[in-house]
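Consider the two complexes below, in which subunit A is the common component and subunit B and subunit C are the respective partners.
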Partner chain A sequence: MSTYKVRAGDGRFISMTADEIRRDLIEGSEDAADRGGIPPLEENEIDRLLDLFLDQAGVVGVQIGNQVVSTQDGGDHRINADAGSCGLALAIGRIQELHLHERAFGQDTIELGHIDYSYKAVRPIVAQEQSYVEHALLTTTSPLMYGAMPNLGLYYAPDGPYANPSDLLPAGKVKEALAAQEEASLHAQRDIVYVGTRLADSGLDAMNLDTSGSAGDADFLASLNAAEELKAKRPDLGIEMGMASEFVLGMHGRLSYKGERLAGMYPHDQVRMAEAAGVDVFGPVVNTNTRRSTPWNVARAVCFVKACVQAANIPIHANVGMGVGGIPVLDTPSLDAVSRASVAMVEIARVDGL
Partner chain B sequence: MTEQELLSAATEAVVAANEEKACEVAREAVSLGLDPLRVINEGFTPGMREVGDLFERGTMFLPEVILASEAMVAAVAILEESLPADQREKTAGSVVLGTIEGDVHDIGKGIVATLLRVYGFEVHDLGRDVPLTSFVEKVAETGADLVGTSALMTTTMVGQKALEKMLKEAGLRDQVKTMVGGAVVTQYWADKIGADAYAENAQEAVAKALELAQG
Partner chain C sequence: MPIAHSVVSGMGGMRTAGDLVARMQFTQKMRISEAKAYVANKLKVSAQDLSDVAVMREVREELGFGVVLGIPGDPKGMEAKARIAEVLDIRINCVERLKRRGRA
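Up next is the complex of A and B:
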């Protein structure tokens, strides 16, 4: 029986028959449907995904006219920095990196960001970041975003002023752990709003609240409250909210926004919260299971994102990168997997951008 | 209350994370002269299993899991008082746990530590950015059954491989099972470095730890 090369979730090539690929596609879709309480993919959608994986071309693409915009996150240090596991360490400056993204790579938005990529770290040096925003605006034409993470982890000991829930919870100090998260969430909100208003005053087009929810529901709440406050203070400032994972972890468990409990929310509910906060573009994340095949992961990711798109009234730019959106966990995401996941997101999930 | 009703009440008290109710059920079981081990195994333990399932499904969250665990521990303590010393519950095993040197991500590791305690393990949580020598020293000091390491970066996961070597050099590798996890860690990596187990998430880490500790 003929076999086809596909990637496993950890990036290795594996061989599967067409029947095995179809089975994984159905199981991936059903897993998302079961967890998220959403409909599984339709049979014709499974058929289209099967076509994508049976096509053994190195790269696949969408039909002319079906292209979508691409927004870039991660700041301006992908090319000029070496973060150990990513980055090229080319000897160019931050503004030159933006020029490369805009003029060589054809990104539809460009993004500045501090190397630490956390709003807390940006607050004390925001004046310097303002000057970078102003210099970038003078020499680029693409919408300029500023990206960083709420990163609540930086607000807990030993890096911040609040006791660490990761220490308190295992010790059974539940009340203290909940209080620490509530305080840290408010602190992060203040930092994001401070940085956002200062950068907006320098002419910034949009903020990216990236990896929202990475430290759980208090982290997501900080992003939502900050977005709402920023929109009230600077209505012309665009806000993109990118998530950290498909599921809002209940590190607190009882936090709510607009009367809805945040813990346990999947992308189709997360986007409703983001909209209510005034967010303009939402970036759902679906995590990759390294032990399942790329067909399983892509079908699962597309199923979640399709439900998110259907629930949304704002543009959806799905995250497709290392370990998310069906892409294997590899330092440099493989083009065969990235292009298949991207086509599936556009044609089946009907995303507005990537 | 019949015996069956009491067992159901024990399960419900744990799922509701209601320590007061769980203790009340335990006291009633003792006063009725019921077999304490049966009440633990068929009443309270299924409740904790259901809590684990609800956590896995994303409908119950870490603080609630801890409260449920405390309810169970308090109830079991009451029941154990009427058991002979040799039948009292022993720990499921001893685990040395930490985020590998150079890596400061500890939320996932903290969840694993919590759930391991919930399931009866004695956990020596060394924290984050833990020097490899500290893992070796703690294993030697405690005679732990398992050592679990978490890595969230490709630059730090190599420490898990180095730890395997250091445990061998210290003559401890045959006495301790190794478990690895973290966002960038995979089954393939675990196999490659010779770790005994890999877990995708906290619930699976507990299942693997129970399997290794019993094995």
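Up next is the complex of A and C:
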């Protein structure tokens, strides 16, 4: 029986028959449907995915006319940051990197960010970042975004002013653990709004609240509240909210936004919260399982994101990078895997961008 | 990674009209089809033309939107964005800031 080369979730090539690939596609879709309480992919969509994986071309692409726009996370860091940020560590300036992304790499938007990529770290040096934004805006044409993470973990001991819930909970100090998260969330909100208003005053086009929810529901709440406050203060500042994972972890468990509990939300519910906060573009994340095949992971990711796209009234830019959106967990991802996930997101999930 | 997506499914940024369609998403919350239709109408081209470098190279040069090639005298940066804001009838924050400062 003929076999086809596909990638495992850790990036290695594996061989599968057409029947095995179809089985994994169906199982991946059903896993998402079961967890999210959403419809599985339809048979014609499974057929289209199967065609993508049976096509043994090194790179595949969307049909002419189906192209979408792209935003980024990490922005200029992919060139000057080290491998810890999946970067090249090349000795090149940040503004030059933006020019390369715009003029050489064909990017639809460009993104500036501080090397720490956390709003807490940006706050004390925001004047420096304003200067870079102002210089960049003079010489670039594409929409300029500024990206960083709420990164609530930085607000807990030993890095921040609040007691660490991960220490408090095992000690049975539940009330203290909940209070620490609530205080940290408000602190992060203040930092994001401070940075956002200053950068908006420099003429920035849009902010990227990237990896929202990485420290759980209090982290997601900080992003939502910050987006709402920023939109009230600077309505012309665009806001993209990218998520950290497919599922909002209930590290607190009782936090709500607009009367809805955040813990346990999947992308099709997360986007409703983002919309309510005034977010302009939402970036759902679906995590990759390294023990399953790329067909399983892509089908699962597309099923989640399709439901998010259908629930949304704002543009959806799916996260399709290392370890998310069906891409293997490998910091030098293969074009064959990336291109299949990219096509599937555009032509089956019907995203507005990546 | 972004280059891979750009080749596989991206509009192409300033090579085509990707930056213009992206602006409609961020300033007006437009979904991709609506954003393409809006920009195509303003530029008097088809939605499919927006991803076509052969068409968009000429359109961008004619309208002064800036192109990826280094052409002396061709609008770049703020100059190009001022033209984009005018033709697309949108507010671009740094252009608005320049207008405010210019009047001061």
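By our rule, the second predicted complex is superposed on the first by the 351 of 354 C-alpha atoms of A that agree within 3 Å, B and C clash if a C-alpha of one lies under 4 Å from a C-alpha of the other, contacts with A are read in each partner's own complex, and residues count from 1 in each chain.
The rule we apply is simple: contacts are C-beta pairs under 8 Å (C-beta built on N, C-alpha and C of every residue); 3 or more make two chains touch, one makes a residue touch a chain.
Just so you know, these numbers come straight off a predicted model, no measurement behind them.
Enquirer: So, on subunit A, is it clash or fit between subunit B and subunit C?
Expert: After superposition on subunit A, subunit B vs subunit C: fit, no clash.
Enquirer: Of the two partners subunit B and subunit C, which one touches more residues belonging to subunit A?
Expert: After superposing on chain A, more of subunit A is contacted by C.
Enquirer: Scan A:140 for contacts with subunit B and subunit C and give back first, second, both or neither.
Expert: Touch status of A:140: second partner only.
Enquirer: Quick one: classify A:87 as touching subunit B (first), subunit C (second), both or neither.
Expert: A:87 sits against neither subunit B nor subunit C.
Enquirer: Going by the contact rule set out at the top, does A:315 touch subunit B (first), subunit C (second), both, or neither?
Expert: A:315: touches subunit C, not subunit B.
Enquirer: State whether A:342 touches subunit B only (first), subunit C only (second), both chains, or neither.
Expert: The answer is second: A:342 touches subunit C but not subunit B.
Enquirer: So after the superposition, what angle do subunit B and subunit C open up at subunit A's Cα centre, nearest 10 degrees?
Expert: The angle comes out at 180 degrees.
Enquirer: Looking at subunit B versus subunit C in the superposed three-chain picture, what is their shortest Cα distance in Å?
Expert: 18
Enquirer: In the complex of these two chains, what residues of subunit A are touching subunit B?
Expert: Contact set of subunit A toward subunit B: 8-10, 12, 35, 84-85, 153, 159, 164-167, 169-170, 172, 174, 177-178, 215-216, 247, 249-254, 263-264, 289-291, 323, 329, 331.
Enquirer: Would you pull the subunit B residues touching subunit A in the complex into a rising list?
Expert: Interface residues on the subunit B side: 57-64, 66-67, 70, 104-107, 109-111, 113-114, 117, 123, 125, 127, 153-155, 183-184, 186-189, 200.
Enquirer: For the complex, give me every residue of subunit C touching subunit A.
Expert: Per the touch definition, subunit C meets subunit A at residues 1-15, 18-19, 21-23, 25-27, 29-32, 35, 47-48, 51, 65-66, 68, 76-78, 80-81, 84, 91-94, 96-98.
Enquirer: Give the list of subunit A residues in touch with subunit C in this complex.
Expert: 59-62, 64-72, 78, 86, 101-109, 137-143, 200, 202-206, 236-238, 240, 280-281, 313-315, 320-322, 333, 335, 338-339, 342-343, 345-346, 351-354
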